[in-house]
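First subunit A sits with subunit B, and in the next complex the same chain sits with subunit C.
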Partner chain A sequence: MSDEKPYRRLETQALLQQIAFRHGLEAMNASEEGNLAWVTSGFPVEIPFAMNVFPTYPEQAGAIIGAQKIGPEVCGYAEDMGYTQELCSYAMVSIGSTDRPDDVPMGSLPTPQALLACNNICGTVLKWYDGISQMTGAPVYLLDTPPLEGDQTPHHREYVRSGVERLVEFLSTTFQTSLEEERFREVSELSSKAIHLWTSALKECQKSPSPLNCADRFLTMAPVVSSRGTEHCVEFYEALLEEVQDRAKQGIGAVREEKVRLLWDNIPPWFALRFFNKLAAKGVVFPADTYTHAWSGAVEGTDTRSILDAIVDIYSNVYLNKGLDAKVDKMCQLIKDFDLDAFVMFSVRSCKRYSLGQYVSKEIVTERTGIPGVVIEGDMVDSRLFNEAQIETRIEALLEMVT
Partner chain B sequence: MTSGEVSEQSERLLKQLSESGQRLIGYFYPHIPLELLMAHDFMPVLVWADSTVSGAYEGSLQTFACSFARNIFSQRVRDQLSVLSGFIFPGNTCDSLQNVGDIWRVRFPNDIFFRLTYPAGGAGRAAVKFLAEELRILSKGIELKLGTGFSREELRRSADFVGRFRWAVQFIYAARLINPDVVSYSELAKAVRGFLSVPSLDSLATAEALLSKVQKDMDAQGHTDSVEKLSASLLERKIETPITPEETDSPRIVVLGGMVEPTDIAQLMESTPGGSDSAIVFDMLSFGFKTVFTDPLSLDGDPFEEMARATLKAHLEPTQEGLQKRLDFLKGMLSNLSIDGVIVCEQSFCDPDQFEAPSLENSVTDSGIPALRLPMDPEMSDKSRLSLRVQSFLETLASG
Partner chain C sequence: MKDEDKLGVGLDIGSTTAKGVLIDSTGRVIASHLQMTGASAPRSVESILSALKETSDLDLFDIPTISTGYGRNIVEIATDTVTEITCHAVGISRLNPEIRFIVDVGGQDSKVMRLGSNGRPADFELNDKCSAGTGRFLEVMARVLEVSIEELGPLALESQAPCTISSTCTVFAESEVVGRIGAGETPTDIAAGVHLAMASKIGSLARRVGIKEPICITGGVAKNPAFRHYLSKELGGELWVPENPQLTGALGAAYLALERH
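Moving on, here comes the complex of A and B:
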């Protein structure tokens, strides 16, 4: 019997640890110097980066806590403070680890001087950051990007634009800094480059065998979330794209024997990424997912005004800020472009914005594409809500339909 | 009368109105300018959670959707809302209602559906402009889909009509802070519910009859000036002057929370051994204080901007504005209104309620006042346990 694993590990993945380590150090320094902001994952970080305010991500810290399998314990710290288990587990571990940082060495973040939330990913972020603000004293700035019903209307654009301008004022006042055009252009170009490289790597997965699996993408998306706008982020994605293109050219798949191609919908269970590796042993690969494909556009412009306009456009139009129709369209498009056989929707108890509507989407996507799907239930950080045996049974049933 | 019986009564009334030709439009989020809907010759009907409805959402919604959203969705599945010509869903208020709106459109494609999206975060003038435009779009949508245009004359009439109701209940709210025995919380909650369910001349008359009684009593007790001043302070969200309330037998309790039904709270308090709903001297609930303490609509400027301004000046929900604003208001209330205890209600699976509850509780207890957290759902499915917890809380207050 061969010891060979059914999946191939990316060489570039080794660089991730360096980036994560560097990011952690920079965040600590920024906090000590009074320049650290916590930001939500859909926040236009090009602005704080350009204003020399260092952004760091509680959601990413939540993913790390999840991957360490200490989610239930750290959620419990927040529960001890009176928060209910029903709330978002990213928020729960963020609150828990802020309250007891010494008990969460790999997942607590340095003390912020400001909390920058953008509600284009959910409405929870304001309440979550309000809670953190109470604990740390850092002020909250909410960039309000109301969910879009269809195309962005002029009044929506104007409103978000005013929010972006107030953000610049807020950062100027809070951190005694300013937005300089040259630096802003430089940061936005770097951000744009990183996003182009990342989306090019994702596109390579249209090929069969797919050079990347779900877990590869969930891990390698970290820098584009946390460090877009920096040189080292671009360097990472240059290396990743090279490796992915090389795999694609040589017909090397992420899974050794690719047999079934599935779509993943929603945030992954960070504590159970091996779930994807177990499926790899059955020849199952996930060439696309809605989570890492959330980056649909790059911040491009020639001057401050046009870059701000691009920010208004891109950050209003992120996947989770659109209605059910747009989500269904995106899934159908991914199924078509990536030639997928079926889809798996992870109903994440924590994330109402992402998950409510999946029962309906499942029916429509199947109707439009003719392929079957399954809804499995759990959470991204809190493993108490993840019934692996039940999930495996459901996936088995799905696989029987497509093989 | 239980809230289930109140629901049945409203349903009957709405059916009669519909049969007599009155056009009805439903809404779910209380911060909506009623005047706008009336200016289109519609009667705006607040869709309440129905405590008698059991789950009928399972094929469309996960169990972790907020219990209020599940309840209203179940009502629609059971065809209980057929008298309504259209539905207005809120946008950008909470993730459950946001997504349930989308699901509703798919499951009930023949329903006339509108979305009114609110700004969040207190962006001042920009927020007013945004909401004004949203209201303008809603107005055009109503005209297009339901066939009746916006009438300035009707707007003037409705501004007066709604203004009279609000003024009446604002006065009663303030009067109860000075003397909670002047009228029970249950009567006040029913008057508010009656008007928001069916804003007719009859429901206005009920509120105004209650007002007359309260005015008379307050006048006799020499409190009229104090009540008017307090009502104005509540409207401005600034409680800076201590009041001297009348002595009562019951402790003075404030109820905090979101889209929890005030009549259910009143009933819970009444049915608890040793409890009396006079003990509830004030609420900060979405379907109570937060809705009725809205500025009167000014008719001077652009009507949509004026409606937006009045709506956003009211005491908003947790997802629309930062926590600190509400904590400051609460602090003013606890310092100046002789409050003995606070009940913090949490609707199950309601993110805004549940996120805010620990901060509210801490703020109350830091002021040296006991607080009780009360998780619940619209069906009051665990009523005996809730009652037991309230009873124990009342005993704590009595022994303190």
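Moving on, here comes the complex of A and C:
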């Protein structure tokens, strides 16, 4: 029997550590210089970048805490402060590690001078950042993007547009900076370029065998979330796309013997990424997921006005900010485009916004695509909520239905 | 070995009981055995195999074996593992090909399956991380009411006015039952209320998958007449009960062992 692993490791993954290290250093410097903002994952980061305010991501730090398998412990620090276990575990570990940085291996994120929240991904972010504001003294700016049902109305666009303009004012006063058109154009071009490279890499997974599996995408999405708008982010995705295209051209799959192609819905259990590798041993690959496909809107424009318009459009139309139909449509489209056999919906206890309506969505997706799905339960960071034996049975039963 | 001499073994290692079935090439059951899983699943596998050997008087060496249930991965001699969802579907389809819906209520889990015309699962659901709606729920309630688990069902059937147990959590329901006893409700009505609550919990699981008749019930709890009565009312259809409702998973595993090897 061969000792070969059932999955192939990406060479580009090695560059990730460098990027993460660099990001950490830059955040530390920015904090010392009084230029650091904590931002939520759906925030129009192109604006702070263009105004020389460095953004860093508590959600990403939460994912790292999850991957280090210390989620329950760090969530516990927030529970000790009186926060409930029902609260988002990204918020819990963020609050917990801010309260007790010395008890967390990577410490807490460097002290912010501003907290920038956009509620296009959920409403919890505001209260979470309010909590952090009490602890750090940094002011909160909320970019309010009311949920959309159907197309964005002119009134909605105008409202978000005024929020974006006030954001520019807020950053100008808080950080004594300004938004210069040339720099803004440069940042938005770099951001769009990274997004195009990333979405091209995702698209390659339509091929069989798929050159990327779920865990590959969950790791390599980090720069497009945290560093879009920078040159090194573009360089990373050029390298990734080259490797992915090379794999696709040569028929090299992320999984050595691809037999079943599944769709993944929701944030992954960061503490159990090996779960995907275990499935790889059964020939299971996930060529697409709803999570990493969320970073696909390119901010394109020729001047400050048109770039701001693009930002209003893209950041309002994140599908978590739209009705359930948008998510169902997205799933059905991915199933069709990526030629998938079944789907797995991860019901994340923390993330009510993402997990809402999954049972109904499952029914509708099966009705529309004719393929079966399963809902499994757990959390992205708090492993106390993840029962591996129950999850294995559900997934294996699903596989038995399609093989 | 000639085809007609072929044998198959199915082992269903559940959270509460472990079951084994040995069949011949015609699908006839030659031997079967059921026991508590206990603290050591490997030991219960050994003891099932020796019971099957003793009853059949056959040497079971090198016979295709499929294991299922939560302990399926610890069965070293298994040629293959298959989930209990598929095994129950296969077992029941062979016993009664008409069945389109299975409710399986075991010691610590409950599951519902809708079957396709091929007798395989088309959709399924399992209970979540909670013992409400499982055999454990009834065991706890029987203890509180100071009757044996076998007596609980018949006791409930005597009730004319089942009381309402609002909680579906085993622990909270236990305190609720204690409260009912304190309030002077009869054990008969409380027992009926307990079955009603459980049937309603399974009912909502079943509706999630889409109920399709004819319906079958398996697992240890299928032997409880009051649960069958209330579940049948809840699902709005007659329930077909196999002769040995606890063995259908192991039986399905044995059929698959024959089919595949």
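Quick note on the criterion: the second predicted complex is superposed on the first by the 402 of 403 C-alpha atoms of A that agree within 3 Å, B and C clash if a C-alpha of one lies under 4 Å from a C-alpha of the other, contacts with A are read in each partner's own complex, and residues count from 1 in each chain.
Keep in mind that, in the parts below, a contact is a pair of C-beta atoms (placed from the backbone, for glycine too) under 8 Å apart; a residue touches a chain by one contact, two chains touch by 3 or more.
Because the structure is predicted, anything quoted here is derived from the model rather than measured.
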{"item": "Partner chain in contact with A:Y359 - subunit B first, subunit C second, else both or neither", "value": "both"}
{"item": "Partner chain(s) touched by A:M28 [first = subunit B, second = subunit C, both, neither]", "value": "neither"}
{"item": "Partner chain(s) touched by A:T124 [first = subunit B, second = subunit C, both, neither]", "value": "first"}
{"item": "Contacts of A:P372 with subunit B and subunit C, given as first, second, both or neither", "value": "second"}
{"item": "Subunit B versus subunit C as contact partner of A:A389, first or second or both or neither", "value": "second"}
{"item": "Subunit B versus subunit C as contact partner of A:M401, first or second or both or neither", "value": "second"}
{"item": "Subunit B versus subunit C as contact partner of A:L15, first or second or both or neither", "value": "neither"}
{"item": "Greater subunit A contact set [subunit C / subunit B]", "value": "B"}
{"item": "Touching partner for A:A91 - first (subunit B), second (subunit C), both, neither", "value": "first"}
{"item": "Common ground on subunit A, meaning residues reached by subunit C in one complex and by subunit B in the other", "value": "359, 377"}
{"item": "Subunit C to subunit A touching residues, read off their complex", "value": "70, 81-86, 120-124, 126, 128-129, 208"}
{"item": "Subunit A partner contacts - residues on subunit B that touch it in the complex", "value": "59-62, 64-66, 91-96, 98-100, 102-103, 105-107, 115, 117-121, 123, 126-127, 129-130, 133-134, 137, 318-319, 322-324, 346, 348-349, 351-352, 354-359, 361-362, 373, 375"}
{"item": "List of subunit A residues in touch with subunit C within their complex", "value": "359, 366, 372, 374, 377, 385, 387, 389-390, 393-394, 396-397, 400-401"}
{"item": "Contacting residues of subunit A [partner subunit B, same complex]", "value": "81-84, 86-88, 91, 119, 122-124, 126-128, 130-131, 133-134, 140, 142-144, 146-147, 149, 153, 155-156, 158-159, 162-163, 166, 323-325, 347, 349, 352-353, 355-360, 364, 377"}
